[in-house]
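What follows is a set of structures to go through.
Two complexes are shown next, each including chain A; its partner changes from chain B in the first to chain C in the second.
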Partner chain A sequence: MSHHLFLLSPTDTPIYSLAHQSTKSTAPSSGSTLSSNLPSWSTAPFSGTLTALSGAQSVGTASTQNGAPKIGAGQDRHVIQMIANASLDVIEEMMVSNSAMYLKSIDKFNEWTVSAFVTPGNMKFVLLHEAKNDEGIRSFFMEVWELYVKTAMNPFHRSDRTIRSTVFDARVRASAKKWL
Partner chain B sequence: MASTKQFKNIGEDLWKSRTDKINAELFTMAYGSLVVQLIQDYEDYAEVNKQLEKMGYNIGTRLIEDFLARSSLGRCADFREVGEVVAKVGFKSFLNITPSVVHHPAPGSGTGTAQPAGATPRSSLLPSQNAAIQAQTHSAPGAFFVLTLDENPLAEFVELPESALPTVGADSTPTGGLWYSNILCGVLRGALEMVQMQCEVVFLSDVLRGDESTDIRVKLVRYLEEEVPVGDD
Partner chain C sequence: MYTSGQAVVHPRLSVLSTSSLPSEHSSLGTASSTTRFSLPPSGSSTPVPMPTSASTLSLSKTPMTAVNLVRPNIYDRPLNKTRTSEVSLAAFTFLFSEMIQYTQKRVNGVADFERKLNTLGYRMGLKMLELHAWRTEGTSKAPKRETRFLTVLSTIGNVMWKAFFGRAMDAIQKSVTKDDEFMLIENDPAITKFISISKDMGSLSCSALTAGVVEAILDGLGFPARVTAHNVPTEANPNCTTILIKLDRSVLDREEALK
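And then the complex of A and B:
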C-alpha cells in the first residue's frame, strides 16, 4: 500500500514530493481497486487525457516534477499528480471556512483518498493514500511539519525552491515508515 | 595567574551578570541572512570568507574593550593562558559556549625546547628556569592552540548547499568552499591584535562541511610592539 506526499508552497509550487511504500498490512482494500482490475493499456490513454487536462490547469507543476520513476502501486505518475492538483481547489475552499490545520480527508478519487494539512504559513501538505488512517496521518503530518520548520530555518532555503536536503528526505521517510 | 577552574567561574559569572541577552534564534537567523546576502552579493565563496573575516575583525577590535572592562582580568602570563581565557571566559561570556582547548607550544630549537626527547637536561635546571622556558615556549611565535566547538549557535539549523562544500583538488586536498562561521576567526584576530598579539586564526574543520568537529586554530605570529603613531613627536 503506497502513499504519495506533496509539500506545496503558499504559491502552490511543489517543493517536495515523496512516494512511500507502506510495510504495514492494512485493510484488504488494495486487491479490489478499479485500476488493478482493468488492464493497464486501458487506463493509459485515460491518464493521457487527464495529463492534458491537468496540464492546462497548472503547467508549471507538471514540468517541475523530477522525472525519476517512482513506485506507486502500478499507478501512473500523472494520475497521482492530477488527483493532487484537483484537490487543491477543495483545500482552498476549506481553508477559508475551517481554521484547523489538519483537514482530514477532503477528496476521493477511485481508491485514492486525499488528506490535507495546512500550516500557519500557508504551506499545504497533501497526502494521497488508499486506506483510512486518520490518527496515523495526523501524527505524520505533525512530524513533517516540525521537520519542515527546521528546514525553513536554514538560511539557504528559499520558500519556493525544492527541498534538496538529504537529511530532510531521510527523516521524512523514517517518519512515514513510523506512522503510515 | 588564575587556574582553569577559576576561569570557568569567571566566565559563568560574566554570562550571568550580563543583562542584555539576545534571543538565540534571532541571532542565528540574523547571521544566516547576513551570510546568504553576502553570497548573493559576491557570488564567490572565497571572497565571502574574506569579508566575513574582515567584519569579524572590526567586531573584535571593539569587543576586546567590553571584555576587558567587564572581566577586569589582567595581562595573560603566556600564550597558553591566552588560550584558556579565550575559551573559558571569552566564548562563555559572549556566546555561552565553552569550546575545549588543546595547546601546542612553538616548535622551537635551542633554549626553547622544553620537551626534548632526552630528558636529562631538565633535571639539571632549577625549577624557576624550567618554568621560564615553559612559558617562553608557550609564548614563542609559532605557538598555537586549537579550539573545538561542540556547539555553534551561529550555525543552528544550517545546511550548506552543494556548491558551498569544498571540492577535492588534483592533489586530493580539499580546497575552496565556505567557512560559514568565519566571522569568529575575524573576531579573535581583531581582539588579540588589540592586546598586542598578531595572530593567524583559521578554521581547520567544520561540521557543516561534513567534518567530524568544528576546529579553529589560533597561531601566534608575533608580539606587536607599541608603535608611536606617525606625526607624534
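And then the complex of A and C:
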C-alpha cells in the first residue's frame, strides 16, 4: 500500500511531497481499470506512460515485491503527479460550496483514490491512496496541518517556497507511519 | 510543474525587498553617519573582539556546554494560546513604530507608504488566519472553513479581531451606494493609539497594516478584495478608522450563484 502526499501552495506550487510505503495490509480496492477498454500501445514511444495511465498492471516491473515499492504501471512518479494535479480542479470546485476542510475521496483514477485537505489559508494537501481509510487519513491530515501551521509561523518561511526542514519531514513521516 | 523550476513569485510577497533597492543605499549612508548606541562607534579606540577569538575563548573554558546546547525546535512548541503568549500593547507599539520608521525611509508619497504597510499586514494576516483557524478548529472532528462572505466578514469583525486585538470591531456596515463595498469601523484602534499624523502626511492612516491583515484573511478564504484604511474622525471619536473592503466582481457573482 503506497501513499503519496503533496502540499500545494495557494498558487499551486508544490512545496512538499512525500511517498509513503505503508506496512499495514489492507485489501486493495478492486475496480475495473481503463485498460480493459483500450488497445495495447506497446510500440509507441510513450507506451510506458500510456499503459500507466490506462491502468494496465502487466507491464514491465509492475509486479509487487514484498515491501519494495512498485515501479511501472500507475506507480510512475510523473503519473502520480499528474493524478494529483488533475484532482486540483475537483478540489477547487468543491471548496467553493463545501465548508469542510477535509474532502474525502474526491477523485478516483484507476487504483488511486484522492483525498484532500484545504486549510483556511488556501493551502491544499493532496493524498493519493489505494485503500479506504477515512478516519486514519483525517488524523494524518490534522497532524500535517499542525506541522504546516508551525512552519508557516516561521518568519523566514514563504508560502511559495518548498519546505526543506528535516524535522518537518521526519514528523510527517512519523505521522504517516502512525495513521496510514 | 513538480520539477524544480523557477517558482512564480507571488507579487505581494516581494514588494518590500525589491522595489526599494536604490533608496536603501542613501538611507543607510545617513544612518551610519549618525551615532547610534546599538552600534559600536566607527572610530572607537576599543577594538571590537573578533568573533573567532571570542568563540575559542569560551570554548577553552567550557568545552562541553557549547556542544550540548540544542536550540528548541519550532515543531516542539505548542501553538495554543496561553496567557504568557499575549503581547503587551507597549511592546507592540514599539515594534510598530519601528516598522513605520523603516517603511517611511523607503517610500515616496502617502499612497506608497500605505501600500507597503498593507503589504506588511498582508504577510501578518496570512499567518494570523492560519493560526487562528488552527486554534479554533484544530481539535474539531470535522474542521470547517467559512465559505460565505457575510459570515466571513462578521467572523473577522467579531471573533478574529477579539482574538488578535482584544476587542471586536465597533461596527460592520455595507455601503448604501455600492453593492461591492463593505466597511469595518473601529472607533479607537489600539494599534494607532499612540500615533499622531503630521500635517504634511495628510490622509495617511497607519491602519493600512490592519487593512492588509483583512485583505490576507479574505484572500486566503477565497474572497479577493482590495482593502484600504481611512481616517473618519468624528466629534466623539477623533481616531475613528474605517477599513474599506472593495470586493472583486467574481466574489459577488459567486455569492449570487450560491444563494
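Just so it is clear, the second predicted complex is superposed on the first by the 133 of 180 C-alpha atoms of A that agree within 3 Å, B and C clash if a C-alpha of one lies under 4 Å from a C-alpha of the other, contacts with A are read in each partner's own complex, and residues count from 1 in each chain.
By definition in this document, contacts are C-beta pairs under 8 Å (C-beta built on N, C-alpha and C of every residue); 3 or more make two chains touch, one makes a residue touch a chain.
The shown structure was predicted, so the numbers you read here are calculated from the model rather than taken from an experiment.
J.: After the chain A overlay, clash or fit between chain B and chain C?
T.: clash
J.: Could you tell me if A:101 is touching chain B, chain C, both of them or neither one (first, second, both, neither)?
T.: So A:101 only meets chain C here.
J.: If you tally the residues of chain A touched by each partner, is the higher count for chain B or for chain C?
T.: The partner with more contacted residues on chain A is C.
J.: Is A:81 touching anything from chain B or chain C once the two structures are fitted on A? First, second, both or neither.
T.: In the superposed model, A:81 contacts chain C only, not chain B.
J.: Answer with first, second, both or neither: which of chain B and chain C does A:140 touch in the superposed model?
T.: In the superposition, A:140 touches no partner, neither chain B nor chain C.
J.: Just checking: does A:119 make contact with chain B only, chain C only, both, or neither of them? Give me first, second, both or neither.
T.: It touches chain C, and chain B stays clear.
J.: Looking at A:156, would you say it contacts chain B, chain C, both, or neither? Reply first, second, both or neither.
T.: A:156: touches chain B, not chain C.
J.: If you stack the two complexes on chain A, which partner ends up touching A:11: first (chain B), second (chain C), both, or neither?
T.: Once the two structures are laid over each other on A, A:11 reaches chain C alone.
J.: So which positions on chain A get touched by both chain B and chain C?
T.: The overlap between the chain B and chain C interfaces on chain A comprises residues 150-151, 153-154, 165, 167.
J.: Within their complex, state which residues of chain A touch chain B.
T.: 150-151, 153-156, 164-165, 167
J.: Residue numbers of chain A touching chain C in their complex, please.
T.: Those in contact with chain C are residues 10-14, 17, 78, 81, 85, 95-102, 118-123, 142, 145-154, 158-161, 165, 167-168, 171.
J.: Which of the residues in chain B come into contact with chain A in the complex?
T.: Where chain B meets chain A, its residues are 25, 28-29, 31-33, 35-36, 156-162, 164.
J.: Enumerate the contact residues on chain C facing chain A in the complex.
T.: Going by the criterion above, the answer is residues 1-2, 7-10, 13, 73-75, 77, 79, 126-127, 129-131, 133-134, 137-138, 142-147, 219-222, 254, 258.
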